[in-house]
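These are the structures, in structure tokens.
Next come two complexes, and both contain chain A; in the first it sits with chain B, in the second with chain C.
Right after this comes the complex of A and B.
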């Protein structure tokens, strides 16, 4: 496994929608390098014949009757919105430019 | 100190039912204690929000029902009127829920978690919301955006984490009961370092609906108390199937109180206790190992059959955990985008697009540890690394489950120290994330396999509590209560009382609070 570079961290921060200063990127790159090195040992034991476990207890699809249960009113749903108009969330522009 | 706050929840409940104490008096005694030791310069700071008015109103309602007698009084839950504190990761109507993050500062949940609905139905007054590492990410409660929590045993040391607030509240007699959540040890490790009891139930045994998700395949809500029996009562109250959580087990809650009462005889005849070879020795403090060995001797003397078991893949558990957990974190925390709820921060310059607002919001709203885990998870899940990291970690999860299966062929319960060290000094590990992660080396395997675990006080090392952990097979939570109550009884007979009675006296003078 390759080491994690500063460019990697900058790209990951962009993917995760977290703005980072140059100083933060430097610090995070160093810390993640140490952590990634420490956890890389997992691939040593993970041979091809071992099945993956996604969940601690086997899950089966859970169905319910297709009836409306209790739901939030629009007012309740908007109670904590940073910005709203009428019965909707208001957001900044989706696209840049004109 | 008011005697009321020294009672266990079970003792207090009995006095409330007998009419010796009113619930209003019990709640007020705890609110007074919170005022005295929680808020000062060197206060415990277990609470992020104190819910005095509502707690007193619920208490008054219980008192009125009891005073009137009749069918309504008969129908009350046995713990009605006993106050409880709630980890601030669990959503509550009428009180703010912050997850100890700036991202949710002032956020008011429009709904209650299922465990809160059950607590309201049983009429346990809620004292307030307790501190934690931001979004439950940490082992010391130092990653809270609202300040640290102090360990009642030594105000310069950590109370564990992430549920340091709940554990400290119970240890400092600010509450007889609390709720925690445990993703990699966040109930058990704080329990160990504060000399209290904490239980991580079987995955799915308690509904997660309304617990702000950190890592959904690992998270579990559980009880935080001072005695094993109190945990059993609280576990029975909050457990059971919930249609709102599709991972919740559709089966009845086991008879946990009965198991704790059986264990309280101290008799362990015929119980096979498996010592996990890999969870001791190197990395474990000598004082921790000594208390652990004494506990084994006590259990052996009480009739337990002590066997050694080997779980060779546990050494990969920490690595696999720090791939799976951050991967789930990066997905679960994507919803904090400044659109529908929580903080919104606008970029200082440049065009105002939603993407840039998200970037600025998440930069300002999340602390360093949360960012670190989101980035790590995004890395582990990214194309080219997925198989090597996330895929491998899931295979390790299978290997850990197989280790548990093999161990439980040889033993009814497994035992280990809960934490490799006693409480460390505040600030001593915040600069070294990896050193902080190692605190959970003994608790993480249980979350990876979904098995239940309990920590009970095992004595002191250099004046600080040591925790002893029992683990049981999935759905066999009752075994934890049997073994935990037995060890508690055996050790308390030796100590001549609860371990917590040996904790230093806290007062307004020591914490800078209100006398």
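Right after this comes the complex of A and C.
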């Protein structure tokens, strides 16, 4: 029994807007299951007194002063845009896909 | 638009049967010079997509860097809301697909907000104080601005396409979330309005936000549910999004209470969903139901390291806190000697600061109130503008008042002078000179007018002589007429008595 079900993978694929065939779902269920199990094994080593870590390097409070820096021009910002109107990005009707 | 009209139950009837339960999420846009994670300017109203950097656009390979001032503003807000400040907190990615966020996630905070477990005492209009518990205040970034094009309504429904401006993308936000609020009863709509007003007032007094609701600097999502009186379990709630004026917050909560009651009375269930507020019809319509799409798959933001606060840093910030608005109001009322009703009227008229400045400029509290709540408010109402927008300065009031005190003009003339000042004719002194409005108190000119009046009204003179001093009032009309309203009433009385040889 994999740690992750086929339904879990289908759900994640849906959330991530990734279309997957039945064959791909089967394959990914197995592969993700292996990864989840491997990561779960960490908890066998870490005892309760080891705090959870989100960053491997113990840096904190990396701040920037509140000073304005250079910006892109609207033309530069829109360089990769598939479509635009004046200086704004143009995107397809949003509710269409729902 | 909704295809049907919602059934409603009369508010008072609904409240006989149900208790409303509230919750608010208020987003406050900070007024830092730059954005939360990039050095792009945080400016409202510029040409679309000119205040952007690669970070704001979520271009590949960019790295965010936290704005220290934004963190300090978030801590200030937390302290002002009586919150605990986290010793350590971090940022998280909230994942969703929507064109207002180009990187497909919003950088926010998840299970470790920078401020938590606070409270705020909300003063209702009659002075009753209602404590609202604050669950958390966390840092995040604003999204870009969408404009829906085509379609009939300019709304997202039926739009042909949308235009996106990322100038707002990455503007620092603090989201303030209340705990569940019970026990407001029929005052729920009023409490909703007062709560948002209090938050707005606090962030304004802290000077961490421009706090203009019409610009979206302060935005409220209002959660409402009903439970049968005496029930222990909360009902299903709806979340009305982006209610962006104080009046709208009040109306939206009221509307949802009336709508929920009708649904529940019919035996149906409330659908847990987002509701959209429509100011034009003062109704809400169904948005999107809660669904899989609300699975935001939060995870720690790998590109941002934790924020650690020291007690020294927090105390340094605490020392910067201004006097809390509610305490300040209490102090001013005591200093000015206004009654509760007088002071409440002043606050509701939004002229507290104006009165404070006028007093500081050199009038008594009573004089300042007389002008701001009287003639200035009346002129503003006549021109259909806010009192403060009439352009009357504290200096004008001080000058007018000193003209009255030196008996150059009387109260009635002073009101006319103010009108001319507002019309742009100059300072009060200039207006008085240009229009020759100074009170006639040189006795010879007055004397002529009084003699004429006495001659014309022998019966009145007889009454006064007989001791009916109040009959002098009848002489006042002709004297005022002869002097174009510029006579000083007190002086007229003195002169009449003098002429008749009567001791005043």
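By our rule, the second predicted complex is superposed on the first by the 86 of 98 C-alpha atoms of A that agree within 3 Å, B and C clash if a C-alpha of one lies under 4 Å from a C-alpha of the other, contacts with A are read in each partner's own complex, and residues count from 1 in each chain.
The definition used in the following text is that a contact is a pair of C-beta atoms (placed from the backbone, for glycine too) under 8 Å apart; a residue touches a chain by one contact, two chains touch by 3 or more.
In this text, all values refer to a predicted model and were calculated from it rather than measured experimentally.
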Note to self: Going by the contact rule set out at the top, does A:15 touch chain B (first), chain C (second), both, or neither?
What the structure shows: both
Task: Scan A:23 for contacts with chain B and chain C and give back first, second, both or neither.
output: neither
Max touched-residue count on chain A (chain B vs chain C) belongs to chain B
### Task
For A:46, select first, second, both or neither according to whether it touches chain B, chain C, the two together, or no partner.
first
- Task: Pick one for A:38: touches chain B only (first), chain C only (second), both, or neither.
- Result: first
Is A:72 in contact with chain B, with chain C, with both, or with neither (first, second, both, neither)? both
Can A:86 be said to touch chain B (first), chain C (second), both, or neither? second
Both partners, chain B and chain C, contact chain A at residues 15, 17, 54-55, 57, 59, 62, 64, 72, 77, 89, 91-95
Counting only contacts in the complex, chain A reaches chain B at residues 1, 4, 8-9, 12-13, 15-20, 24, 28, 31-32, 34-36, 38-47, 50-57, 59, 62, 64, 72, 76-77, 79-83, 89, 91-97
In the complex, chain A touches chain C at residues 11, 14-15, 17, 54-55, 57, 59-74, 77-78, 85-95, 98
Listed in rising order, chain B residues that touch chain A in their complex are 107-108, 110-111, 202-204, 217-218, 243, 246-247, 249, 313, 316, 318-320, 322-323, 330, 337-344, 346-347, 351-360, 362-363, 366, 371-372, 374-376, 378-379, 382, 385, 388-389, 391-399, 401, 433-434, 437, 447-451, 474
So, in the complex, the side of chain C touching chain A is made of residues 32-34, 38-41, 47-54, 57, 65-71, 88, 90, 95, 97-99, 146-148, 156-157, 159-166, 288, 292-293, 295, 297, 300, 302, 304-308
